[in-house]
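In the two complexes that follow, chain A is the common piece, with chain B as its partner first and chain C second.
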Partner chain A sequence: MSTTDTGDEGGGGDNDSGDNSSGGGGGGDFPGTIKIGVLAPEPGNDPIGGSIANGARLAAQQLTDDGFIEGTSFEVVVEDTKEDPGTGRTKYRELTQGEEVHMTTGVFTSEVLLAIMDDIASEQTIHMTSGAATPEASRLVHEEYDTYKYHFRTGPINAYELGVNMVDFLDAKREDLGWESVAVLVEDYEWTGPVQDALDENLGDTGVEVAMEQRYASGTENFSPIYDDVEDSGADAAFIAMAHTGTPAIVQWARQQRNFEFGGIHVPMQLPSYYEAVDGACNYAVTQNSATPESEVTEKTVPFSDAYNEEFDSYPVYTGYITYDAVMQYAEVVKELGTLDADEVVTGLEESSYTGTAGTISYYPPDDEFAHDVVYAEDKVDPVFQQWQDGDQTVIYPDKFTTGDYVKPEWIQ
Partner chain B sequence: MSVASVLVETAIISALYALVAIGFTLIFGVGGVLNLAHGASITVGAYTTYYVTRVFGYGVGVGILAAVAASGLFGAVLYLGLVKRIQDEPILVMITTLVTAVAIEQVVVVLVGTEEKSIPALLRGNADILGTNVQLNMLAVFVLSWVVIAGLFAFVNYTKAGKALLATSMSHKGAALVGIEADRINLMTWVLAGAIAGLAGVFLGSFQTASYAMGQGPLVLSFTIVVLGGIGSIKGSVLGAYLIGFLEIMTIEYISPSLTGLTPLIVLVAVLLAKPEGLFGRELVEA
Partner chain C sequence: MSSDTVSGGLFERLESSGLSLRYVLGLLGLVFMAVLPLLSEFELGIGIPGVFVFAVDNLLLLKLTGALYFGMFAMSWDVVSGYTGQISFGHGVFFAVGGYTSALLNIEFGIAPALAVPVGVVLAAVTGLVIGVPALRLRGPYLSLVTLVAPLILLNVFIWQSGTFGGERGLLGEDYFLGLGSDAALEVYYIALVLFTLIFALLFAVTRSDAGRVFTAIREDEDAVAAAGLNPAKFKTFAFVLSAAVGGLAGAMFVHSPVGGARPSELMSVIVNVEVIIAAILGGMGTIVGAAIGGVFLILLQDGLSNLGDALTIPIPGTETGVVLTPPIPFSQMDFLLFAVITLVLLLVLPGGIVRAGIRGGRRVLRRVRSDREDPVATDGGRVEDSNDGENADAGRAPERAVYRNYRDALEGDDDEH
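Entry: the complex of A and B
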């Protein structure tokens, strides 16, 4: 089942709107409605999927209301992937073949993204990923450019660079944090493989001692024995990459008042509602994030999160910022080009440098190993590290975005 | 980690596992059916406490009582509404209870969403036991688990209703001949098993938070523990829980945390091949 928002329902009857390679170039020959297909997991119930859907809705609404392209409205069609590759493929085809959308965005799960890569290639419809981090997608673009060039990753930075970003954070902040030694804890899921590689290759350069390294089983729910080992190792902090197992890990760390600090990439902790959900157990813990509601990553970040909150009565998760940026960047590029022709838009996106809510978005060129992934750099997309402090997502890195200083957990001297 | 720490960690986690598995074994022992909605009872207990404490603002004690009541009621509804009319068809019972479990998951997704929710601990703070950092909440789990186990033994062995339950588990025909109404005993078993599962749900939720899929792990765990200990044997289930807990901690500590979930399954297969009746055989044998 899909949900359609914004604009009129008569897209199929509009001139050219059913032709996703329509336009003809140059003259601003746009259909009455530009249709955006969105793939999101459980958009009605999951904050990550909900933010994808609502980020796209808000972008379409603003583009339509502002008359961004004169005489053209933007319409969003949302489909639920259920985080399942098979469902994702079916829904992708519904969007491209049934709804005949002009571009697609979203996709949170790497497995779903990989499942639709061939469909993206055969449909030759622009897809701008706004959640899945696997570098496997960009590898395909790099190796078989003509086939897979329609895929772009607007965010987050890919999984290998997520690991590099963790190392950069540790390198820059080790003295402020007081983390001279860390215990690396990485959950054993697909997405953490490249993260682990990046940590293995780069962590040694920081001078921080790796007191222990543990890739623990997917589905781990009892962290007590692992935490005993971290304490025995004498590490100042657990340096972590967690998504699926993050919540039991953080709750047990806090409730057991473990004698080490806690930070890295913790996906659930990125949610603005997380402090309330875990009753404050995430207090003092650090995670990487694309943006937080109060951080001025760009001049668009806070206005977007405020507008989102006003519209949907909650703040967006990182996927909301990225999806909003993806739709906005797409709109800007097609407006500049005056066409929806996918091949021309590919070139347009490759040349684009767009200031979004999560940073300045440009893409690695086709000859790069991470072809069409968003560029990770100080003046491009540079994720923030936030610490939960009494219910606030306080940004502690990079320095230009900080909203406060790092605070040690009250039970650690 | 020291040997003492291994033992303390084992005792704590195993007590929780015993609480998780006992209701499952009770229903199989007495009713002769596998309740695949056992995990759903655990979820019902956890989310009842979540609503009572976090949403409505009552204390943890009230939350626990509400969880036990709600899960007990869920057991009753499940038995009277679905299982009673098909209890002679074990496969049908399995399918029905499995569908119920999936339905409960979806209800939670719709009502609460997929975000995990924290449940307040019964006790806050930590204690140092033999050099091991232990949450007071988990100590409470340990004590309560043994209170429940002891209470269950006392109930079965020393009360009239309990003896009727034991008799029914041994022989439905024999029990019927001496005037025991099997349906009433079955209902009592489902309520009791549901209530214990609800209690387990509260503690599981306070240990690792509540999520819509939180019942899946405990269901597999119950299977493993119950087969290991001997299907239908309460004593065997308690021992099975402690063996699984011990194996889990030993695997994490001395082999590799990445094998945590695999070890019990290997043991399960080994037991099924070598000693399919489990360590304690079928204690409550059908005549």
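Entry: the complex of A and C
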């Protein structure tokens, strides 16, 4: 699929022929249209893919309407990866060779990102990932910098740091939560490997007892035996990393009113509309998230989610915030440099510190093992932890973003 | 009778070449593929703007490269399943063994693809032997069941040993064949085309040889073959191993091209295993030509459908305007549905496959042209039978035999062996 949107409804887009025309801002030469290529899974159906596509569209529209670079409009071309590496590769080429886009963003599935890394290298076109978390991509940048330097991960923090972030949360909030022992439950998919490594290496330092640990099979639908084990272990909470298997897990936990609490990274629970979708089963459960519609991670977070809701009649999931930030940061860097030259933009992005909707975005340097991944730190990108409380995504961590306190499930005393 | 001198002259010239028309057309097709890169700046399409329009550029050449490798894979399936009638549901195993072997040798031991590919082919052939020897003594659904399970076992081995095989993610970092990446699309395309032609020639020759006739006989009546003193298992094993080696070659070359990778989703998923069957049946099972054309067609059809926009404009001939079709669900979201429906309809209306339908259509046109040129009524009032061309033989036969012959045309696999 390929859909093209010119963000020129509000004017300023009368020069979209692609010819060179002198730009304003940085005083450099820009084409009449800067084309952004977006790779998203099933953007018409999947909220994660839809948020990627719409996040980019909204950014392009605002940049064009505001005349961010004088005489230049921003155009978005969306392609569907279908979460398949082969399709992702074909679509990446259609964007770079067929549409001749100036940069690409998106990509949710780690497998797809790894499949296109070589193409990013040979096309020498800036790519700013806004969904896939595998640290394998940043390892390539670190080890073969000159080849792979065009890859940046604007978000989320990479899969290893996702695990570190879980540990940081538990360490900081253990007293408020009252979780003295946890049962670690991790689904067996590619993305959880580094998460599990980070938990194994760091969880011991928190003083929280690990009562049991289970990496359960991909495709698990019946959680009763696992939950029996958790209850038998005496753990206060299930400390989880789930994406694909998250919904049956949460529904069964709530229906069976299990005698333990529930939190960690639960990707479906990040969806603003999830509470209705599971008929409130996620009430009292905790998940990490990049941002929530009401959380003021930065001064740009709430205006963005409101504008998004106005334009697309729904709130974005985390990939929407990150993709919006990626396009905005790219635009700011090229405007400052006055050029679209990829090598110069690589340096520009390495030096950039950009306040977006999901935090202050800067990248690890080339000599870091996570080269070109977004920096995870308190004053940089610091994901929030939210608890579902009667239909609201209440932020309970970090303290500076909290919108409420943690509440125990009503069936647990 | 007025004769169309242009077409009459063309047909005469073609006939006098000594090759039957369909071979001439096949050669013309190959020549077209060979000169295609020279047609850059051209746009090829089916006449409806925005639908299935292919501009000849690097992007198209890379897509065609992928299609050619899939065509080779489909041909390899046809050797064993189309000819001997032993339907394999898990042919991706050989595609995967070839691809993974070559990629692993390249990544782990630094062996150049030019050397690693032949090893992949040998290992695929050995796998063919290992699965084939015990399995081919089974018949019908039992064999199909074995082939169905084989890729599932292999996938589980890949996941179990994910440290070596990369699990569902697959392998990363294999080199390109001769170092030719997507920036050398022309060379990559020609390598695929040459290989495609060679494989085609080899399989065409084998299936038209005595061995090929035994393959077909096995499909028709295995007991009769055994009764004639031939060992069907031996021939089936030969077909299976040949097919495995060719599938392995296609897989190994595919992973070292800029269009493929050593991943379960690209080499051996259920979809891949099903697509290869659809391709061979759609093109014309048991013809090799059909599998080759079907494989290429299937990949290009999928690509064309995935590039349909949200709406479709169908022009009204003779005007500048057109009818805009905007379905409730955008085309782009239902490309797989459209693909399934189109293939289903094609299978229903062209039961013997595209190639057989083309041959039948061609014969009809030829007959019409000839009947325009010649007086079919003999001096004694009967009809002249064209003794030079078996295609026209129906003319002097009883109607029920003509019907039978048409039926055989549609359903049998020996069409290309006249």
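In this section, the second predicted complex is superposed on the first by the 392 of 413 C-alpha atoms of A that agree within 3 Å, B and C clash if a C-alpha of one lies under 4 Å from a C-alpha of the other, contacts with A are read in each partner's own complex, and residues count from 1 in each chain.
Assume a residue touches a chain if its C-beta (ideal position, glycine included) is under 8 Å from a C-beta of that chain, and two chains touch if they have at least 3 such contacts.
On a predicted model such as this, the values are computed, not experimentally measured, just so you know.
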When chain B and chain C are modelled together on chain A, clash or fit: fit
Which superposed partner A:T90 touches (first chain B, second chain C, both, neither): second
Partner chain(s) touched by A:E136 [first = chain B, second = chain C, both, neither]: second
Partner chain(s) touched by A:Q214 [first = chain B, second = chain C, both, neither]: first
Touching partner for A:N222 - first (chain B), second (chain C), both, neither: first
Which superposed partner A:M242 touches (first chain B, second chain C, both, neither): neither
Contacts of A:P47 with chain B and chain C, given as first, second, both or neither: first
Contacts of A:V184 with chain B and chain C, given as first, second, both or neither: neither
Which superposed partner A:S273 touches (first chain B, second chain C, both, neither): first
Contacts of A:S110 with chain B and chain C, given as first, second, both or neither: second
Chain touching more of chain A, residue-wise (chain B, chain C): B
Shortest span in Å between Cα atoms of chain B and of chain C, once chain A is used as the common reference: 6
Touching both chain B and chain C, residues of chain A: 42, 45
List of chain B residues in touch with chain A within their complex: 1, 5-6, 9, 12-13, 54, 109-110, 113-118, 120-121, 124, 126, 132-135, 137, 207-209, 211, 217, 248-249, 252-253, 257-262
Residues of chain A that touch chain B when the two form their complex: 42, 45-47, 188, 214-222, 224-229, 231-232, 247-248, 251-252, 255-259, 268, 271, 273-274, 277-279, 281
Complex interface listing, chain A residues touching chain C: 1-3, 42, 44-45, 80, 84-87, 89-90, 93-94, 97-98, 110-111, 114-115, 117-119, 122-123, 136, 190
Sites on chain C touched by chain A in the complex: 57-59, 62-63, 66, 167-170, 172, 181-183, 258-261, 263, 265-266, 303, 306-310, 329-330, 332-333, 335
